[in-house]
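Both complexes below contain subunit A, partnered by subunit B and then by subunit C.
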Partner chain A sequence: MRAELTKTNQEMKVKLQERLSFSDHTKFRELLTSIDREKPTHCVFDMSELISIDSAGLGMLMIAHQQSEKSGWKLSLQAPKGHVKQLLELSRFDKIIPIT
Partner chain B sequence: MTIPATSSEREHPVVGTVPPGLQPDDSVATMRRLTLEAVSQVLQGVSDLIETNSTGVSARFGKIAGDAAMQTAGIRDLIDRTSTIEVDGERVALTSLASELQGALAELVRKIIFLSSRGMAMVYALEDVLDEVQQVRKSVANIEKLNSQTNLLALNAKIEAVHAGDAGRGFAVVANEVRQLAQRTNEISGDLHQRITRVTAGLDNSFSLLKEISTIDMSEENVFANERINMIVDSLVKQHAMFSEALELASVNTGQLTNEIRDAVVKMQFQDRATQEIQSIRQVMGILAQSLSTPAGGRSIDAEIDRTLTLGDVKARILAKVHGLPPPAESLRADASDAGEIDLF
Partner chain C sequence: MMNLANRHLAPHLQGIGDVADPTLAVDFSGSRILVVDDSVTIRKTITTYLRNRGFANVMEAANGRIALEIIEQIEPDLIIADIAMPEMDGLALCRVLKCSDRYAQIPVLIQTGTESADRRAEAFSHGAQDLITKPINLREMLGRVQVHLEQRHLVRRLSDYQQSMAQQLEMAREMQELLLPSGDDIRAFEAVFPVLIASSYKASSGLGGDLWGCQATDDGALRFFMADFTGHGVLAALNTFRFHSFLRNEPLDSLPEADAMACLNSFLKDVLPVGQFATFLSCRINFREGWIEICSASGPPPMLRSGSDGEFEPLASDGLPLGILIESDYCARRYPFPPGSMLILYSDALIETPLPPDAVFTTDSLCRHLNRLAPDASSHSIMRDLLASLMPNLPEDDLTVLVIKHKEQPE
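So, the complex of A and B:
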């Protein structure tokens, strides 16, 4: 996984690239810490360049959701594609995290 | 075979009215009478033939109508049955099967994700514990470092006590005690070190177990399996719709067939009417034959017809013809609705 963080005003954008799987757990936790540090109101995960995701990856997105609720920012997912999109639809992820 | 009795234009081919004053020759009269009787018998035969056959045909048609109705019911039942499948003793509609399967699969995936997210949360909690353990390991290392210094200090104190001679004897005992304490501390910290190593190994093991739980395969194949299920169910529903449509058409056709056969059975009832009319004709023939054997002194033919015939409209038509009047209107007939069909016969 690679992640690019940008911040405009109170909104953060995280562009996730390549694959999100178990081996990224340390990086992902660091990413959540970085977001928390910035104290945004909103954070958008741009999924358009994420090629694949496994159940651990989906689990990490759930943790991001829980973290956002704990830290008081809103999380949304943007433009998932292909396999990632299908898996998010299959698991009805949009009922937990807004997908745009 | 034609029975021209109802045609008002044609002359009666068998008998006419006997002109007054004209006495027929006896042998001719006998022949006419016998002919009339023979024709009357033939008519009776025709009547019986019609009755026997039409009864048989009606019965068969009735049976066909019954079979067709059963077939319609069978097709309807088939449509109902094929629109559902039995799952664990419960009828489930094909159309709801798709959403049920998709729902079940989505529920399964949701549970996997829930499990994964719990697993990941645990991974993070374990990471924190591992960090703490590392801190403990560092603290133990510090203790060991301090302890070796203490040990060294005790040794120095002992050397200094020897230098002090008798005055330092008591001090040497204390230094020895301190050294023993340092050795005990060393043993404890060694034990701690070993235990920490085991805890770390245990945590690492838990870590890899959690990795197994959290990384349940969610590859393309699984998504494809879901799509495949959707496609199969869709095809099943479509095929059933086509099947139902064809069966529905068959059911409608069979239903129409049943109705038409029933109509035909109703129309077969002309036979009753025909029998009655033939009986009337035979009665008239009987009167005519009678008039030939007793030419004088008897009742007039029309009076006899009027007295004997029971079928009102046939009587009216014959009497009208006999009296040279126009034929009575159709509405006078006993069963106006059947009139046309019976006339055609």
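So, the complex of A and C:
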């Protein structure tokens, strides 16, 4: 996984790239800490360049969701494609995290 | 005199595993040290010095050949050998030891004198661990001896630890395989129901997060389930044990599929930390009435062929995985399953090997592939074909595949 963070006013954008899987667990936790530090009101995960995600990756999105509720920012996922989109649809993640 | 052999390991090097108590200081005074030199004077100087510094097991040999005889009887922890000796010199001794499985790990310190720098350096290519330059500075020699004994001790501990972990994992793997229906269980179902079952389970790293099961229900149906916990390895495997125990103790098969799922969801929501969950799929087959009922929590779409002349189709299987939200609702869907029908259940590694977008199969291409196979292909031949199609790629996740066929009645 690679992640690029940008911040405009109170909104953060995290562009996720490559794959989100089991081995990214520590890195993803660090990413959430970085987001928390910025105290945004809203954070968008740009999924357009993420090429695959596994169940542990979906689990990390759940952790992000929980973290956002705890820290008081809103999380949404943007533009998932291909395999990532299919898996998010299959697992009905739109019921938990808004997907735009 | 201070006992220098009784050195303590540096704190940062301790605690490698549970093989020995890492808080205990390591005492090297019992280490067996073999000093090999044809000069009696040098031999005595070294051995006396080491003994005076607290090493109780110092042995001597006049050349490499005699040294080998001693090594055969009392395996030393460290050898100090002269480079030049009659009969068998220090380098030849090194070579013999390095070729032996048993003795290759014994550190050998070579004493060098007037040899050229190249010749001295050559000792390393013969397998020596270190050099001691003559005239010998005894304190420096003692320092090197201690460093190498410590290193050998750590390597041993690490390798003991690895071996013990590997054994434990292997035992855990065997225990986990016992959670799955055995060949005998499957044959027993095949004897009672008009069904042919082929199954394959392979954990990607010894232990895995996949689990499947099969049971006969009170109303005369056969119920299969397949679960896949987040991730793989030890963590995911622990969840399969937890889940298996729950399934055994809860009388779920009297419940409608959707209610049974809700019950499993509520259990997992209760016990799993955020970020862990399970995809799950259950199917109840009523052979007498020829139907199948599928209930899914995000399991990969099962492939169903109704009747022997039908076509395989992926079934809808969307739904929140188990253990995420307490208010998830699940619904069961019923499909015809007359004799000749086939159902294929699989964990996601079948459509994620290698990782997407390079996977051999997508849901759609898997379906097309199945439809190209001979309509009368057996459960086992379909299984063999699917597993062979993934080769030479090894799944990075646990892979479970079940091929279930409603046996046609003989004419």
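As a convention for this text, the second predicted complex is superposed on the first by the 100 of 100 C-alpha atoms of A that agree within 3 Å, B and C clash if a C-alpha of one lies under 4 Å from a C-alpha of the other, contacts with A are read in each partner's own complex, and residues count from 1 in each chain.
Keep in mind that, in the parts below, a residue touches a chain if its C-beta (ideal position, glycine included) is under 8 Å from a C-beta of that chain, and two chains touch if they have at least 3 such contacts.
Bear in mind that the values here come from a model prediction, so they are computed numbers and not experimental data.
Touch criterion met: A:I51 reaches subunit C, while subunit B stays clear of it.
When the shared chain is aligned, subunit B and subunit C each come close enough to touch A:L90. Shared-chain residue A:R19: touches subunit C; no touch with subunit B.
In the superposition on chain A, no contact is made by A:A79 with either subunit B or subunit C. By the touch criterion defined above, A:I63 reaches both subunit B and subunit C. Subunit A residues in contact with subunit B (one complex) as well as with subunit C (other complex) are 21-22, 52, 54-56, 58-60, 62-63, 66, 83, 86, 90-93. Against subunit A, the residues of subunit C that register as touching in their complex are 228-232, 274-277, 279, 298, 300-301, 317-321, 324-325, 348, 352, 355-357, 359, 363, 397. Those residues of subunit B lying in contact with subunit A across their complex are 105-106, 109-110, 112-121, 123-124, 127, 211, 214-220, 223, 226-227.
Those residues of subunit A that touch subunit C in the shared complex are 19, 21-22, 51-52, 54-56, 58-60, 62-63, 66, 82-83, 86, 89-93, 95-96.
The touching residues of subunit A, when paired with subunit B in their complex, are 21-22, 25-26, 29, 52-56, 58-60, 62-63, 66, 83, 86-87, 90-93.
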